[in-house]
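By letter and in written order, the chains are A, B and C; residue numbering begins at 1 in each of them.
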Amino acid sequence: MSSARDNILARLRKSDADGDLPGSDFSVMKEKIWGAEEKVERLIAMMSAVNTELHKTTEAGWPDLVAELLKKREIDSLLIGTNNRLMDRLQGAWRDKGDAPDIRLYDRAYEDERAEVFAAPAALTTTRGGIAETGSLIVWPDAAEPRLLSLAPPVHIALLEADRLHNTFWQAMTAEGWKDGLPTNALLISGPSKTADIEQELTYGVHGPKELIVLIIEG
Amino acid sequence: MAGRAYPQKPDAVYFFGTCLVDLFYPEAGMAGIELLEREGIKVIFPQGQSCCGQPAFNSGHRDEARAVAAAQVKLFPKDIPVVLPSGSCAGMMRKHYPELFEGHALEEAAVNLSERVFELTEFLVHVAGVKLEDKGEPVRVTWHGSCHSQREMGVLDEPKSLLKQLGNVELVELQREKECCGFGGTFSVKQPEISAAMVTDKTEDIERTEAKKVVSGDCGCLMNITGALEKKNSAVSGQHIAQFILERTR
Amino acid sequence: MSAPSGETFRERAGVALKDGELRANFRRAMDGLMGKRAAQFADADEWQRLRDLGESIRRRALSKLPDLLEQLEENLTNNGITVHWAETVEDANQIVLGILREKNAKTVVKGKSMVSEEMHLNDFLGRHGIRALEADLGEYIVQMAGETPSHIIMPAIHKNRKQIARLFKDRIDGFTYTEDAKEMTAAARAELRREFYEADAGLSGVNFAVAETGTLCLVENEGNGRMCTTVPPLHIAVTGIDKVVEKLEDVPPLFSLLTRSATGQPVTTYFNMISGPRSATDRDGPEEVHLILLDNGRTRIYADAETRRSLQCIRCGACMNHCPVYTRVGGHAYGGIYPGPIGKILTPQIDGIGQYGDLPSASSLCNACVEVCPVKIPIAQVLVRLRDEAAGHCSRPSVKESGAKKSTVQDMVWSGWKWMHENPGAYKFMSGVLTKTGNLTPAAAPLLKEWTSVRSKPKFAKKTLHQLAKEKGLADE
């Protein structure tokens, strides 16, 4: 007895041949190219237009900026992954700050962490890079920075290295060879969560983070 | 239409009146013919012509459409332009005759014909290069282009450019210029309530322009729109663009 | 009245046309969406080239569909995603039920999925004691109202804020009545956050299934899709077999066309690419991911090269946003799952001409949809093809219940029309009769009656153009 699979494939293979098909001309995907500074400015413009908060900062300065942003929001704890570089930087920079936020680690399986993950008021992640055309962060969650860091807490702070900004999505994926190895989950994040389902009125903060703060690290 | 290669002004053209013009708006057809003759072009009118076949084609009666279309194809053998005072029927011949006659004995003739078909304003602007001198009284008008004229024949600027040549004509655009008036041939009687809603909206749009006349290049739309305007005793009247232009430039 | 009822499109449309509030809601919404889309595609050259590319990508994938489905299955399986095949919606529902029962799942949270609407999945699961809860705000509203979506992108577009506020007041415990969109959204967020946290399973659709890499791509703004596919231990994805693309590089052009065509956004908040369940090193993500490939009439649509074009659709909704008919009657009048122009070509093919053979004629063939389709589906051409099929006059019929609308009266009318128009002598005779007597036809006569409800009677001319041309002495060569 043939399976659904066999039946479906057999029916498809018995079908009319196509006529002449148009070829795929990808040149339109290759033409949007901006300079380094333009890419940053464009990302800022695109992301600000959808309520993202962006700041330019430096490798030296970002930990203090994070502390300041959290203090302004009266947030006293920050969830991060187990990215050692991040942990060291934050712990180092905040060690002598009296009022620095608590650093909490998402360092166990979700089942053991879930209450904390869903209660965390803010999370910080790195990013793989960004896309200037659409104002998007490229985030590849992994063991060190699990998926929910950029989804559950109402405030998501993301570190973006300015020199990892691509022009477009197509250029990013072809330049970096994504087809040769994608993680279990790869994301483009282009702002805080939003909806326009009520009379097409745009509101922010639906099921994903209510706030997205991007720290653009230049130099 | 962008991308279409237009021929030099010919000595003679065929004129295909279309069935709606023939039965309901023959003056529009005569006006179109006179506009062409005025440019020094001989107009040939094969008396055997009837209908392009679109009503049957759109209703799922392809064989009947093909039979009637075949009779038309045979009437225009000379390699000269065929001019129609209707974007909708021109679209049928230009875009759909090749597909209708695929694999048929008349395929070559039908394809050849389709390449020589022109909507009237398209022809006047791009082939005849008409220059108009307005002798009429000042008037405000608005333009309604049929969907097929715009989307199958790519004609939108041409009629408006002709109207803009008329110095005493103030052309006001409709707010929803590209929206269908609701005629759609048999659609107007198969879905009369929706069609009525569409033509009502279109007449309201027209009345809001405070134009005295609505000018169109398609008699199906004209019949639909002027019918609705008359029913509500509107002060606005409608006219085919060929007549409108001819009356003002005679 | 929530959804217009009636046997035919005309009846349902008639009810909708009388609903002033509905018409106003839709008109406002469609105007907004059309304007936003136009702003995104202001560069006409880029638009034409991008849609040419989009068309070529979809047609290429369809031309290789069986091979790509096999490749997709292989790569998904290697990635740890279990693939199931379902010929009918009944089969698909049973597969979903089986997967859920195996895990003792009692609650499923759902991302937006039109395929799950085709399956009537929520009702089916409900009958088997499993709660399926919509988490996309528009779907959540529609589910609360006991209705179906009226638009494929904005499911609650037919509701205004007062209607939504009243719903929330009735159905959400502790909700203080407010018509403020922000406050209503916040209330929904709080409710659904609990549901994500507790759900046994998440269900989603798929926007693009990439054969080359075994990846499922999801497009969304709210974050509920990510929640449904990340939080619960089990993720089930359902998709039609037509959603496959060949290569990863095919995705960005389609993604760009989709968001800009659908809501006039350059990009959505999230683009979610799933290539496996939680790996050995991941800390979160579902432990099991399943994909169900649904046929439900698609192989039949595929069989004919012309109807196959219907399967190019990327579900952007631009066609319905620009449709003068849809704007006036809304989505429920179409009766099936998919409304608007794409619905007019899909629903009769999926569910048969018998019940839906009137849909292809519910169009003036204005081509507004053809002009904006980002993957260049020749919608008007398929509509005419379906009219041929409905009338029983297709030379190579292939559509379900072809000929179900065949009518002897119609056949006679068109035979008569043909005779009158293919014989110059007959035409001359008939047109002569009409010029003399046509105007005597009473306004209440069949067909004329519908016409004259809002228009004056058309007037036959005294002389035909043929006569005038002859009198003028025009050459007859």
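Simple rule for what comes next: a residue touches a chain if its C-beta (ideal position, glycine included) is under 8 Å from a C-beta of that chain, and two chains touch if they have at least 3 such contacts.
Computed from a predicted structure; not experimentally measured.
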item: Chain whose Cα centroid lies at the greatest distance from that of chain B; value: A
item: Chain occupying the most central position, where position means C-alpha average; value: C
item: Gap in Å, rounded to a whole number, between the CA centres of chain C and chain A; value: 31
item: Separation of chain A from chain B, taking each centre as the mean of its C-alpha atoms, in whole Å; value: 54
item: In the complex with chain C, residue positions of chain B that touch it; value: 15, 17, 19, 21-27, 29-30, 33, 42-51, 53, 55-64, 67-68, 70-71, 78, 99, 147-148, 151-152, 178-180, 182-200, 223-224, 227-228, 230-231
item: Complex contacts: residues of chain C adjacent to chain B; value: 9-10, 13-14, 17, 324-325, 328-329, 361-368, 370-371, 381, 384, 386-391, 393-395, 410-411, 414-415, 417-418, 420-424, 427, 431, 434-435, 438, 447, 450-461, 463-470, 472, 474-477
item: Contact set on chain C toward chain A in their complex; value: 28-29, 32-33, 46, 49-50, 52-53, 55-57, 59-60, 62-63, 65-66, 69-70, 79, 85-87, 91, 135-138, 141, 154-157, 160-161, 164, 181-182, 184-186, 188-189, 192-193, 196-197, 212-213, 215, 221-224, 226-227, 230-231, 241, 247-253, 255-256, 263, 266-279, 281-285, 293, 295, 299-300, 302-305, 308
item: Chain C contact footprint on chain A (complex, rising order); value: 3-5, 7-9, 11-19, 21-29, 46, 50, 106-110, 113-114, 117-118, 133-136, 141-143, 146-148, 151, 168-170, 173-174, 178-179, 182-201, 203, 205-209
